[in-house]
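What follows is a pair of complexes built around chain A, which joins chain B in one and chain C in the other.
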Partner chain A sequence: MTAAASQSAGQAATLRVRNLRVDYFTDAGRLRACDDVSFELGPGQRLGLVGESGSGKSTIALALMQMIRPPGKVGGQVFVENDELTAMNDAEIRSARMRLIGMVPQAAMSALNPVIRVRAQIADVLQVHEPSLTSAQVRARIAEVLEAVELRPEVANLYPHELSGGMKQRICIAIAVALRPKVIIADEPTSALDVVVQRQVMDTIGRLQREMNIAVILIGHDMGLMAQFVDHLAVMYAGKLVEIGPTRELFARPTHPYTHMLISSLPTLGQKGVFRGIPGITPSLLALPSGCYFRTRCPHAMPVCTERAPETTSHGSDHASACHLADVEGGLAGRIAIEAGSATVRAGGFE
Partner chain B sequence: MSALLELRNVSKVYRSGFFSPRTTVALDDFSLTIDQSRPSITAVVGESGSGKSTLGSLLMGFIAPTHGDVLYMGKNMKAISAAERWQFRQDVQAIFQDPFAAYNPFYTVDHVLTVPIRKFGLAANREEAREKMGDALRKVGLRPEEILGRYPHQLSGGQRQRIIVARAMLLKPKLIIADEPVSMVDASLRATILESIYTLHKELGISVLYITHDLTTAYHVSSEIIVLYKGSVMEGGDVASVVKAPQHPYTRLLIDSIPWPDVDLQWGREPVIRDDGTSPTTTKGCKFASRCPHVMAKCRETAPPLFMVGDTQASSCYLSDASPAIQRSELQRVLEPA
Partner chain C sequence: MRLTYVFQRVVLLLAIMWMAASINFVLPRLATGRDPIRERILSESARGGGATNIGMTEMVAEYRKQFGLDEPLPKQYVTYLWNTLRFDLGKSLSNYPKPVMRLISEALPWTLGIVTASTLISFTLGTILGALIAWPRAPRILQYTVPFLLTLSAVPFYILGLILIYFFAFQLKWFPIGGGYPIGTIPAFTLAFFGKLVYHALLPSLSMILASTGGWALGMRGMMVTIQGEDYMNYAEAKGLPDRRIFFGYAIRNALLPQTTGLALSLGHIVAGAGLVEVVFGYPGIGSLLGESITRFDYTTIYGIVFFLIVSLGLVLFILDMLYPLIDPRISYE
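Showing the complex of A and B:
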């Protein structure tokens, strides 16, 4: 799918991903965790990558960082501005990681080394990438990045176990922005935190993103957080990108049933006690259904969905999705309206 | 009314360190009654360190209170007989946060269902046991033929958590204590698990204590809510009143921080004062004072009592001092109005 999240003002994209594929070769067969994913991200843009566990969102993060290890294999191209990460050798990619593309890992608790002080963990990334720095300069830079993530400079002397969950996540953010990368990938940075701390951590990421004009990819499964934080949204299902577009547009007019169900599965302050989960489970990547991968859980599945995989259809300049409903008059919205109508008729008939 | 479980002015204090002991008050003068004649779903909401899991452990009899009493069927838990404790173990069931850690990876998932059946003698023979397991699984929306005989790693987190719900149901308990049952499950699957808990309550009349940090799901499943902060009740009452018209600054902060799935709703209008970690849980004043935007001098001196801001809502904040004050032990009055 090639939907460009950045076509505004004709500026060069910060991150370009073209036909990214990740295959794992296991004893049970080939497993495609990321299937032909393409997107672009402009400077200072925020893209959300959503999907259930096992949909391939963390695989994309690892593939962008060129951190997929055998038996995994990456295909396709990843560019950060004009540097092609996928064409670099080991030494080059080591220097590119954290300098061009930084990462805030999912579990801050296990990302930090428990027996080393915070100072040394931040110094590590600085000294590896900028060996010419004097120790006084390193100390100044550490204080600077800690201030950027709203922590007191004394925190550098602490061990990870002395920090709260929110503080640990802030340290990880400090490490990710220490070299002022062009792109940051935040892989569920707040899934272990409670709402108030989550909001504070996201505020910090948002402020740094604006100040340093970093492009951010936020990975997660909380559509509420996405609605509040990102300007573009990409929805993954079983390794495929099923819909991509501006957040506002996706929430107002989703064109893929999965996006629609993800949005409506969230509780709001509206009707109390109404639960709308997505029935069924994600198919195993080793035993994918024929045609469209979502058809086994899709309430709108048609005969054609079993026969072939849907093509990507564009719905406007930067909104695209892969669903056969695009060929049906009225699309998904029309289908939902018809089904809501017939449900009312049925209910009326019984009474 | 007959109380199944009752907490009377319960406090739990942890002390750590040998040379310079530090005292943490995990739960402070807390009273709650779980009535068996009127099944309810009560949500206990708070951030990490609010004492909500301590409350769960006290109710399950895992820990003993430092002050106050825990009563089961009117008898002090410290003094109940072995037979009564056995009955207690059947009446009160737990669902924990982590659907991965609840299983022994060497056994098939049948194990978590067969053990309680055997221990409590729920089935006369193998066929009956199998039938009961099948029924329990179907009740939580699972197909037994897809579940039984599998190993935990072959199932998704959502499926595993629903099996735990099925087990809790199998024993026909009077109370289920669900400690963060959905926080480790995908957002899209949360609804299905909460729905099965809600169905158990509706159809079998089981009371549920739903411990969570997520106000949105609390609003949807529960009838009453208690908001805890550093071991003290900040606000409590009918869930719709508390969530739609929060009176306590802490409840307002919690609600304001929820990222709503609505692009037109502005996230976080109220500024957050960060906890600098300096205010101890042993303070005499209001525990929220160091983070409160409306803090007054008296807040730091004496903790506010509960003010009944309505028939079904009480807030522990001097901002509501125009309303009549009640004892902390009278929280029950707003949870189940006469």
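Showing the complex of A and C:
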């Protein structure tokens, strides 16, 4: 699937992912956790990556960082500007991590080494990637990045267990931006935090990202958070990218039934009714259905869906999806209208 | 660390020592129907050939007086505690009238030297080996050592000792069969004598090192495997740190915490000697002394050694408790 999320055609993309594949070779067989994923990200863009648990979101994060370990195997290409991460050797990729492509970890609570001080944990990133720094410079940089994430410089002298969850996540953000990388992957950075702290942490990420013009991939399954934070949205299902496009457009005119169902499952204020989910569960990667992987849960499944996997179809300059409904008159919106038996076309129902 | 905690801990240590001493006092007095003095005199007189009972009662009474056994129990207890406080553990029954303290202090240096060295060597070797076995980017060949380590750690010290003696001392005659130093030499602080000491200590140490390295290695390997699943290990990888740094600063640093506790515990046990290893090698340490005392029903010496063991274990744990906040910042006494 090739869908360009990059709006600026003339400018080189910050992150280019081409036909990314991650296979795990297990005793039970080959498991494709990430299937032919391609997308691009321009400088300063925010891309949200959503999907159910096990849809391959975090696998993509690990694959982008080149951190898939055996029995996993990565295929395809990942470029950050002109550097191809997939072609680097071990030493090169280690030096690229955090310098070209940073990461805010999913489990900030336990991502810091419990037995060494925060200062040492920020300092080791600086020292490893910029060996020319003097200890005074390292000290100054640590104070600087802590200030950037709204923490007092004394926090550097504490141990991780002396910090709150929000503070730990801020430390991780400080480490992620310390070397001003081109891209930051934030893998559910707020999943363990309460909503107030969640909001503050997201504001901090957003502000730093704007100031430093860093491209961000935000991974998560909170569609509400996504709607507020990202400008582009990519929807994953069973390792495949099923739809990608500008957030507003995706919410207003989803072209894949899965996207539509994800959006419809959001609770809305003032509108009482049955809380709608998506029936069924994600298929096992070891026993995927033929044709389209989503057809077993899709309310609009057609005979063709069992026969072959849908091709990626473009729905505008940077909006694309992989669904057989693209070949049907009226597309998904038309289908919904017919099935609802009404003339009004309610594509997203977000308003 | 707060002073009140140190104070509490010292009080606890003293309480443990007092309890250990009290149990040592009570236990032998619980044995009913047997009078160690009477039995001792009987066996002595039998050995002397004079199987006579003349003056027996008087002799027993005299010795009872000498040991203070004719006093009321509470008074005996106070005297006993006071003596223990002065490290006077009474006189040995089988080596009468040699004080138990003398016996122990003669044997202790031998044991301390050989067991401390072997424990530290096997701890270091085992920990490094275990860490490398569990590290995916370490040489794969190390993983083939696991079955050997498992086998060795399952073989008791003394069996290994016997095997070593048979091959290296008896068949090949590379090492002496036993003893702490050659018979006929006088212990002295010379380099030549030190060389002989090491030569005699090699085989018993080897049997201890071989038998316990496996245990340390397997423990460390388990910890390293657990730690590699921790989020901070993945994050260290994402930070782009060099493998060496992650290995030492993140993996080993954390895996070492439980290992250290294990090391402290086994250092506390050193005073008990290497037990049967010393017996097998005829090494003049505490282990041999304990073995001898048991075969000769030398109660005072046995109790003395046990008391020493409890005290040293208590001391080592006290020291460990005081040092632990330094190696694990999550532990603090406030």
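Going forward, the second predicted complex is superposed on the first by the 337 of 351 C-alpha atoms of A that agree within 3 Å, B and C clash if a C-alpha of one lies under 4 Å from a C-alpha of the other, contacts with A are read in each partner's own complex, and residues count from 1 in each chain.
Going forward, contacts are C-beta pairs under 8 Å (C-beta built on N, C-alpha and C of every residue); 3 or more make two chains touch, one makes a residue touch a chain.
This is a predicted model, so every value here is computed, not measured.
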item	value
Room on chain A for both chain B and chain C (clash or fit)	fit
Partner chain in contact with A:Phe25 - chain B first, chain C second, else both or neither	neither
Superposed model, chain A: greater residue contact from chain B or chain C	B
Touching partner for A:Val125 - first (chain B), second (chain C), both, neither	second
First (chain B), second (chain C), both or neither touched by A:Arg94	second
Spatial angle chain C-chain A-chain B, Cα centroids [nearest 10 degrees]	70
First, second, both or neither for A:Leu112, with chain B first and chain C second	second
Superposition-derived minimum Cα distance between chain C and chain B (Å)	6
Residues of chain A that lie at the interface with chain B and also at the interface with chain C	none
Residues of chain A touching chain B in the complex	52-53, 150, 164-165, 194-200, 202-203, 221-229, 247-248, 251-252, 261-263, 265-269, 272-279, 281-282
Chain B residues within the chain A interface of the complex	47-48, 156-159, 186-195, 198, 213-217, 219-221, 240, 243-244, 253-254, 257-263, 265, 267-268, 272, 274, 277
Chain A residues touching chain C - in the complex, by the definition given at the top	65, 67, 69, 93-99, 103, 105-107, 109-117, 124-125, 128-129, 159, 161, 172, 175
Interfacial residue positions of chain C with respect to chain A in the complex	136, 230-232, 234-242, 245, 249-250, 253-254, 257, 327-330
